[in-house]
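These notes open a run of structures that come right after.
Two complexes, one shared chain (chain A), two partners (chain B, chain C).
Then we have the complex of A and B:
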């Protein structure tokens, strides 16, 4: 699993936030556009791209995109 | 493994009733503190929904059942079983099925029982009634199924609409019957829950104190949902259940004419459709105009979207999934005599 690719997939779920904003260290809950609806898109993206089922708590408890990447990587 | 097969039984007809009143979500300024009404509608697909402050689920089911019995030209005295599936019963006790037996004028020689399930409920209720009818002792039976939350008539619960449905099942020697697969994961019992008001947490003044959960203003007497957990469950379990049913009974799930899913929300249902590689025209939806109607959503979709398309035999796969967590899949073929009643628009109670 590639971290940069994961960040790119993560960024694709946002419409208003520019892709250049996203790095592995991005604290995504702090982004203006972040909402629980985008959380659903992240869960769908992880299911589609990595065939991994993550839960609400995984999305809520991770701070950075890399934190979430590590959870997905562990289960892939 | 919870697989079931019943022969010699057919679905004779389906009807649905909804309140006349329509609420539009795009005109709702209080959907969430987190996101706009437009974003909400885009994700959930729920543009509008029928709701009522006076009608109970049993009122909607009663109207649907009266219409269906008339359209089928059934003699009420021949209906010997009634299962009411809902999480919005008239009372904590008695069972609403007993009230509906009398209200519909059915015989006192009637098997009547409630089934307290939500989004998976139609498939479960169908299995209860089909199992009663399949050996031919009881020949005609009804599943009355749905939810009408009076609190959905307002800005606070924009996903849910009210609907009550009636499905008629009858013994028919030689009919192909129905196949079922069921599953349950009680570890997710609190993913969708009304915390107070039952025996575990009895109602108290604190039950009505406002709190914000996941960006929504709520209290402990209303449904709260861990949306992300439910979403994760909803995109993984239904496709697996359908594939397991097809594998167990050795048929190709791609051969069906129609796939009717519980109308959870558009984003979830689109993911399910994509994962199963289903064509859009085989997957009817009604959530855009009726919302998530809990256990009514599968029969309501058939009534509102497929009424004119069932004049010839059609193969169905239907899957309900949600609160519990609970899920059920059924596969059956309708025959050309199936009666689909017109949607009943129900007046408010005066």
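Then we have the complex of A and C:
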């Protein structure tokens, strides 16, 4: 599983925030555009792209994009 | 006139009631509360261990438990063949999956509609054809406030429950000549395994619960009591109705 690709998929869920903003270290809850709907989209994206079920609690407790990537990698 | 402590039009004494989705949550509470009010209950679900737990919690004698995956036509037919003549049916089994519009999977779309909409329709059809529904019986269907209002990421679930709500009105009209009633109930968020461990974090659920005018999510028994009202003779002139039970949340939107 590729971290850069995960970051790109993560970035695709945003409309306003430029793709260049996203790195593995991005603290996504702090992004201005972050919303609960984007959180739901991230869960659905992970389901679709990686066939992994993550939960609202995982999205809540992870801080950086890489944290979430590690959870997905573990369950893949 | 003296007060008669046995007078109770809300009682289910002498009624036989089928409850689907009785192995968990609202269905389990409904089965238990129905038995407390004197009904004989036929409970069904997929998970035998949890269905047994419900069975062990029932009051009184004569109850029956039947394992069935209602999305499987053979199971459904076998269930219908096994049940006695019914005075009430609680079509309650259901599933939910949160998916934003642009991520809806066809597979989930099929499964959610099959479980929440098609199965209750097919169950009622078979029960009628095999003459398992008594005159003056009451059919209750667990829809949701999601059928009426929108919540983020729940379009498929909401649509499946709205389709069910619409079916219930047709049911009410077509079955009225047989003196059979049909009503839907529309709960807001209720603390059951359906809502936990999903796409909403525990924190989000807690914050959401505080938005309810009554300050909290519902308890399964609080839904069961409304279902019981609709099953009982106290609601004898109510059919085709959609009863919202939601701590006031639908007044806000």
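FYI, the second predicted complex is superposed on the first by the 76 of 76 C-alpha atoms of A that agree within 3 Å, B and C clash if a C-alpha of one lies under 4 Å from a C-alpha of the other, contacts with A are read in each partner's own complex, and residues count from 1 in each chain.
Note that in this section contacts are C-beta pairs under 8 Å (C-beta built on N, C-alpha and C of every residue); 3 or more make two chains touch, one makes a residue touch a chain.
If you're wondering where the values come from, they're calculated on a predicted model, not measured in any experiment.
Asks: Looking at A:45 after the superposition, I want to know if it touches chain B, chain C, both of them or none. Which is it: first, second, both, neither?
Replies: In the superposition, A:45 contacts chain C only.
Asks: Under the stated touch criterion, which partner chain does A:11 make contact with: chain B (first), chain C (second), both, or neither?
Replies: The answer is neither, since A:11 touches no partner chain.
Asks: A:56 contacts which: chain B (first), chain C (second), both, neither?
Replies: Both: A:56 reaches chain B and chain C.
Asks: Which of the two partners, first being chain B and second being chain C, lies in contact with A:68: first, second, both, or neither?
Replies: neither
Asks: Would you check which partner chain A:36 touches, where first means chain B only, second means chain C only, and both and neither mean what they say?
Replies: A:36: touches chain B and chain C.
Asks: Give me the intersection of chain A's contacts with chain B and its contacts with chain C, in residue numbers.
Replies: Residues 36-37, 39-41, 43-44, 47-48, 55-57, 59-60, which sit in both footprints.
Asks: If we count contacts the way the header does, which residues on chain A are in touch with chain B in the complex?
Replies: Against chain B, chain A makes touches at 35-37, 39-41, 43-44, 47-48, 53-57, 59-60.
Asks: Please name which positions on chain C make contact with chain A in the complex.
Replies: Chain C residues touching chain A: 98-100, 102-103, 105, 152-153, 197-204.
Asks: Touching chain A in the complex: which residues of chain B?
Replies: 32, 34-35, 39-40, 43, 214-215, 226-229, 231-232, 235-236, 267-268, 271, 274
Asks: Quick one: in the complex, what on chain A touches chain C?
Replies: Interface residues on the chain A side: 36-37, 39-41, 43-45, 47-48, 55-57, 59-61.
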